[in-house]
Amino acid sequence: MQDSVVEIRVVSPIVTKGFRKVADLRALEYPGIKVSHAQITAGPGSIESEFEAALSVPGTIAEAIKAQNEGVHAVIIDCMGDPGLRPSREAVTIPVLGPCETGMHLAAMLGHRFSVLTVMRRLRASFENTAAVAGLSTKLASVRSVDIPVLELEEDLDRTKAMLIKEGIRAVEEDGAEALVFGCTGLMGCAFALREGLLAHGIDVPVIDPIPAAVSVAAALVRSNLAHSKLTFPQPPEKQLLGYDYIHLPMPLAAE
Amino acid sequence: MQDSVVEIRVVSPIVTKGFRKVADLRALEYPGIKVSHAQITAGPGSIESEFEAALSVPGTIAEAIKAQNEGVHAVIIDCMGDPGLRPSREAVTIPVLGPCETGMHLAAMLGHRFSVLTVMRRLRASFENTAAVAGLSTKLASVRSVDIPVLELEEDLDRTKAMLIKEGIRAVEEDGAEALVFGCTGLMGCAFALREGLLAHGIDVPVIDPIPAAVSVAAALVRSNLAHSKLTFPQPPEKQLLGYDYIHLPMPLAAE
Amino acid sequence: MQDSVVEIRVVSPIVTKGFRKVADLRALEYPGIKVSHAQITAGPGSIESEFEAALSVPGTIAEAIKAQNEGVHAVIIDCMGDPGLRPSREAVTIPVLGPCETGMHLAAMLGHRFSVLTVMRRLRASFENTAAVAGLSTKLASVRSVDIPVLELEEDLDRTKAMLIKEGIRAVEEDGAEALVFGCTGLMGCAFALREGLLAHGIDVPVIDPIPAAVSVAAALVRSNLAHSKLTFPQPPEKQLLGYDYIHLPMPLAAE
Amino acid sequence: MQDSVVEIRVVSPIVTKGFRKVADLRALEYPGIKVSHAQITAGPGSIESEFEAALSVPGTIAEAIKAQNEGVHAVIIDCMGDPGLRPSREAVTIPVLGPCETGMHLAAMLGHRFSVLTVMRRLRASFENTAAVAGLSTKLASVRSVDIPVLELEEDLDRTKAMLIKEGIRAVEEDGAEALVFGCTGLMGCAFALREGLLAHGIDVPVIDPIPAAVSVAAALVRSNLAHSKLTFPQPPEKQLLGYDYIHLPMPLAAE
Amino acid sequence: MQDSVVEIRVVSPIVTKGFRKVADLRALEYPGIKVSHAQITAGPGSIESEFEAALSVPGTIAEAIKAQNEGVHAVIIDCMGDPGLRPSREAVTIPVLGPCETGMHLAAMLGHRFSVLTVMRRLRASFENTAAVAGLSTKLASVRSVDIPVLELEEDLDRTKAMLIKEGIRAVEEDGAEALVFGCTGLMGCAFALREGLLAHGIDVPVIDPIPAAVSVAAALVRSNLAHSKLTFPQPPEKQLLGYDYIHLPMPLAAE
Amino acid sequence: MQDSVVEIRVVSPIVTKGFRKVADLRALEYPGIKVSHAQITAGPGSIESEFEAALSVPGTIAEAIKAQNEGVHAVIIDCMGDPGLRPSREAVTIPVLGPCETGMHLAAMLGHRFSVLTVMRRLRASFENTAAVAGLSTKLASVRSVDIPVLELEEDLDRTKAMLIKEGIRAVEEDGAEALVFGCTGLMGCAFALREGLLAHGIDVPVIDPIPAAVSVAAALVRSNLAHSKLTFPQPPEKQLLGYDYIHLPMPLAAE
């Protein structure tokens, strides 16, 4: 794995076109690392509830299988709800990363406690549950939200950044955060502005932009010949499946 | 809610016909409580993985909405993976219960620690995650399996019961369980045999049959005018949804 | 257990007469469920400390044994300190429920986190300890109090309700509660007023009135043929006991 | 507190005479430390259940108040169930120590994890609950029992010691214990034999004999002018109390 | 151990002379207990970071070995970072106590939750980590600081005490503390002033002065013939060691 | 950071020469990533105790500062005790990674629970403490050891590998591990053999070789412009320091 190019596939689990700009993903490439993109065709326009997250899962699984079939080395699910993370890991053998789980582990490595800055208050329970399943509950200082819907984040980018700085300061000063993680992949690219805004207030904490972070961790895993445990995520058994013509499990490997 | 008949809808999230016998559900009725049944039409033949659980969710959500539209008072998802529990709670306002979460809370009330007796080892991580999200990790003694696929449980019922007794004894003696919960709704009806088998070994612990237990807890909630928190499970926002023609969110209530 | 009438005995562990009105318990009955009442004769006038809770225990145990001897199907201890819960479970084989433990489990099922609204600040440690023993520490958002003694709650009911609404709002907005549980059974009947008051502030969370909730859960357990684990709560051995003429352990069952 | 003699009162919460030998308590005295003894007159013959523990509480509270009235500096409850610990702390202002809570904290200071060696298996849940309330769950490796009733421990002392060594070895080798605590104050005096027996098997771990340990910690608290928090254990309010003529709360202190 | 004089050695892990006054240690002696003092000669002038704590460790280990060689019965490390606690315990067989670990366990015994009052905010993560390793995370209410450097605490003692009272009140009222522990051994002697100041605000909680408390607990351990587990803290193996001429491990005991 | 070469410095915190072969580190390089090596000159010959770990810290801090001064982009401490991790992070602003903390987070991402396979049993408490501080206690299934001293691991490499396979199988089958992490950096290079040996037993779990994994995560952090939180790891203050001539803190940065 040391010489060839590693391809990381970012799968956006929503049907809205143009949300994820290819140029932004291209900016994440570096020598030896290629970043490609895919998008589901059945599912919600954006994800702001567990209802929408659930309906994005079948399409996401299909894209994970497709990526593996195409020789891609790792898949990243482009939503902080990590929708379809565990079933996709069962369906394929290449690493599948959720930006939420990955970002939380990185944050726990970089600071004593971290806060998640997300778009809407209603997502708090979901983030706390992700932390509980990841074993990181004691590291999660708080979940704070800017109260701006996902698809409106870019409409007034200055307001979005100002709100991020305001809630970031409160996370540090009131909740005890010592690192920050974006709680929506729609905030990608705002990390620099948030970190600068915090430094201007004398607060020097890392700001984790989950998609770029997940791309680099995925590359690290591929370089290290690591993938998810097949004891935790075994191949599903062959059986009847109605209504999902677009999902075909890969053939199980002979040797394993 | 004290005088009228309460209707509980059991939704089987698999497409295999005949798995859940109406007579078995009828046996759960008592004065004032009616138990009805529904089944999804898109999804897997049985659920033995998170992949299959995920693909049963859209159909389950649709059945929860349908139940509410028909005036049903509470919904029970007929699978110990509790597939679609949280998105269904967002979609409707009547109580939606998962047998796993419900059974675990009951077990924690009845004994110091409990074990889950399930069908296949591969489900262990999933049960431990459910306990973590329910806040019950310290109460879960172990997850043990009989290693029989769901659709074969009834093929040799004596063997199934013998395996349950064997693993139940080990859960008590080796893992410290003081209550037991079935980890597959396909085991419904085996509680009496397991409890008798354990008593014959001098072990007097409650055995929770999750679907009957969930039916009676659902009735308790309806009688007490209780339903899930809309702060935890708020109505999803209106937005674009492709590929799920059979799912229509109810109109949001005016008052709330 | 499906056809006969189920009798639930509410045992008030205080000596003050008239605190628990029979009409209020009668209102909890529904077809097939009868609610009876008993009261201890040795013990405190009300319970606002662990000292008073401890002195209510011998009488409570005696009433639990009496209830079982009279053919009652389940016992509910009418105090949120759950005094005598565990020793009573050892003494009898019918289900004995504490409203605190039961209410906390229900709250954890209905919302992501819950707060307890109680009468006096001094009870906070006690509620947190109950949550720890129940395995629900991660679900308890906070304990808040209205600072009104138990026997004065009804003197100015409007003030009591106003204080409940005020503290309920703070529990949600400041502590992250998404469900509420009354922390004193003297508040029975105030749930509707609290829920209406919260809805008027745009807060839609379940309010658990522990005695009605425990009655319906007790009925659910009896209907499901479930009782407490005799491994956790084994029959005490026969031995010398001085000063408690009113307590006589039931004969141990032959078979078990 | 540095010059005068400190008196520690050991209160045996059982009515069996001769269980606690005065000479054994005298052996715990050292310069400046006097150990006195008291025993309850209403209660059980021994404590092997939560039922018996509960019935020992009123008498124990009465003895704690009497000790304070007599000028004793600290009280130790002579049972590993710590019966009456919290209500006694509310009733008096001098330190009241439970050997279980004290022994567990000492064990956690001395080794990475500890096991409790007790008399009967049925006490396991109780010890785990004490650890949970003390905040020490992660330090409790296991609870093991020698399966000998309390009042028979001295009948065949060699057998008792042999069983302690056997279970102590298993606690270390199978459960990961690195320190041991006796789980019954009836085992007082066996620590040396157990430690010698373990050393003979190459196992060098501390063995905490809870009553001697609690006596020395009580002396340490008195020497340091420390007592329990009155915010956690406030004086109970004055009120009606029936059936406990032998319990009279001390007058509340004027200044505090 | 009951008749002879017990000598406790307080080791100050900083090179600044005069920080620890011998008279203050002498005041901790009582009949049968002698307190001696030592100080490291290589290391930092004061400890306000993990960097400085780390550089105080080799000298502290050397002093622990020297104390044991001189027949001292127990060692107390005079810094709330407990620097060198675990390696010193490996190196010697007499008890070595850290004031932080010891103070936290005492605080957890005396009140429901405790807060640490320290000198600088930057130490918060370190105290939370100590609590995590001690198994006491659920008992730690908060870490608060007076924001005064260690070596300036005595420059304006009135200001230091006023800040302690202010932060102590906030710990109780805002964070839920019910006991307090000083988070810097430089605060030794301020406990009486803080407790008086809190009582004047109607707050009656114990204030643990860690060095006096550790001295009395060390004496309790020695009186009880207890020391740290050699399974947790085994003697290090003989091997090459460069650059620490002043450290010589004691000869391993023959028998063990 | 996207175009230039990233240099990762592996610092071996022992004085034994030849333990870490440069060729093995070179094999971890890939396009854009250079791996350099340094070793401490004061400290122990190998690290098998907290005593030795502590004595390796000053030298490790010095090497971390030196690496930053030389323009290195990240430092990895070449020992699973992560000695000096936190003080080094305070001293410098480039990322400093411990293989233990990093490997545990990766393992928690890849499997439901993980076990550590280390050299000697005595290190178990240390690994459990690292997991507690990292917030990963619930993810650590067990710590198992091959009972071979560090410097003898390569003497009989076949035996080492056989022992690793044996303990790895037990970790999976008895302890519930679903991923494995080497617990000694001296095992570097054995991951392939262990994984092959486990696959031959039908066990398909990831095996994390901590140094290669940490190198790739360090590169990921540098590529993502991430470093440790200066709120968690602030620059130590200027002050007197005796006996460590070889340690000079970098000048604090002006801007931050």
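Read from first to last, the chains carry the letters A, B, C, D, E and F; within each, the first residue is number 1.
One rule holds in what follows: a contact is a pair of C-beta atoms (placed from the backbone, for glycine too) under 8 Å apart; a residue touches a chain by one contact, two chains touch by 3 or more.
No experiment lies behind these values; they were computed from the predicted model shown.
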{"item": "Common touching chains of chain E and chain A", "value": "C, F"}
{"item": "Homomeric contact chain B-chain C: same or different residue positions, threshold half", "value": "same"}
{"item": "Euclidean distance of C-alpha centroids - chain C vs chain D, Å", "value": "30"}
{"item": "Inter-chain centre distance, chain D versus chain F - centres from mean C-alpha coordinates, in Å", "value": "44"}
{"item": "Contacts with two or more other chains, residues of chain B listed in rising order", "value": "112, 125, 132, 137-138, 178, 232"}
{"item": "Chain pairs that touch, as defined at the top of this document", "value": "A-B, A-C, A-E, A-F, B-C, B-D, B-F, C-D, C-E, D-E, D-F, E-F"}
{"item": "Chain C contact footprint on chain E (complex, rising order)", "value": "112, 138, 176, 178"}
{"item": "Residue ranges of chain B touching chain C (in the complex, touch as defined)", "value": "2-3, 29-32, 97, 101-102, 105-106, 108-112, 134-139, 172, 178-179, 199, 203-206, 208-209, 212-213, 216-217, 219-221, 223-224, 226-232, 255-256"}
{"item": "Chain C - residues contacting chain D, complex", "value": "15-16, 41-46, 48-55, 57-59, 61, 84, 86-87, 90-91, 122, 125, 129, 132-133, 149, 232-234, 236-237, 239-244, 247, 249"}
{"item": "Touch list for chain F against partner chain D, complex", "value": "124-125, 128, 132, 137"}
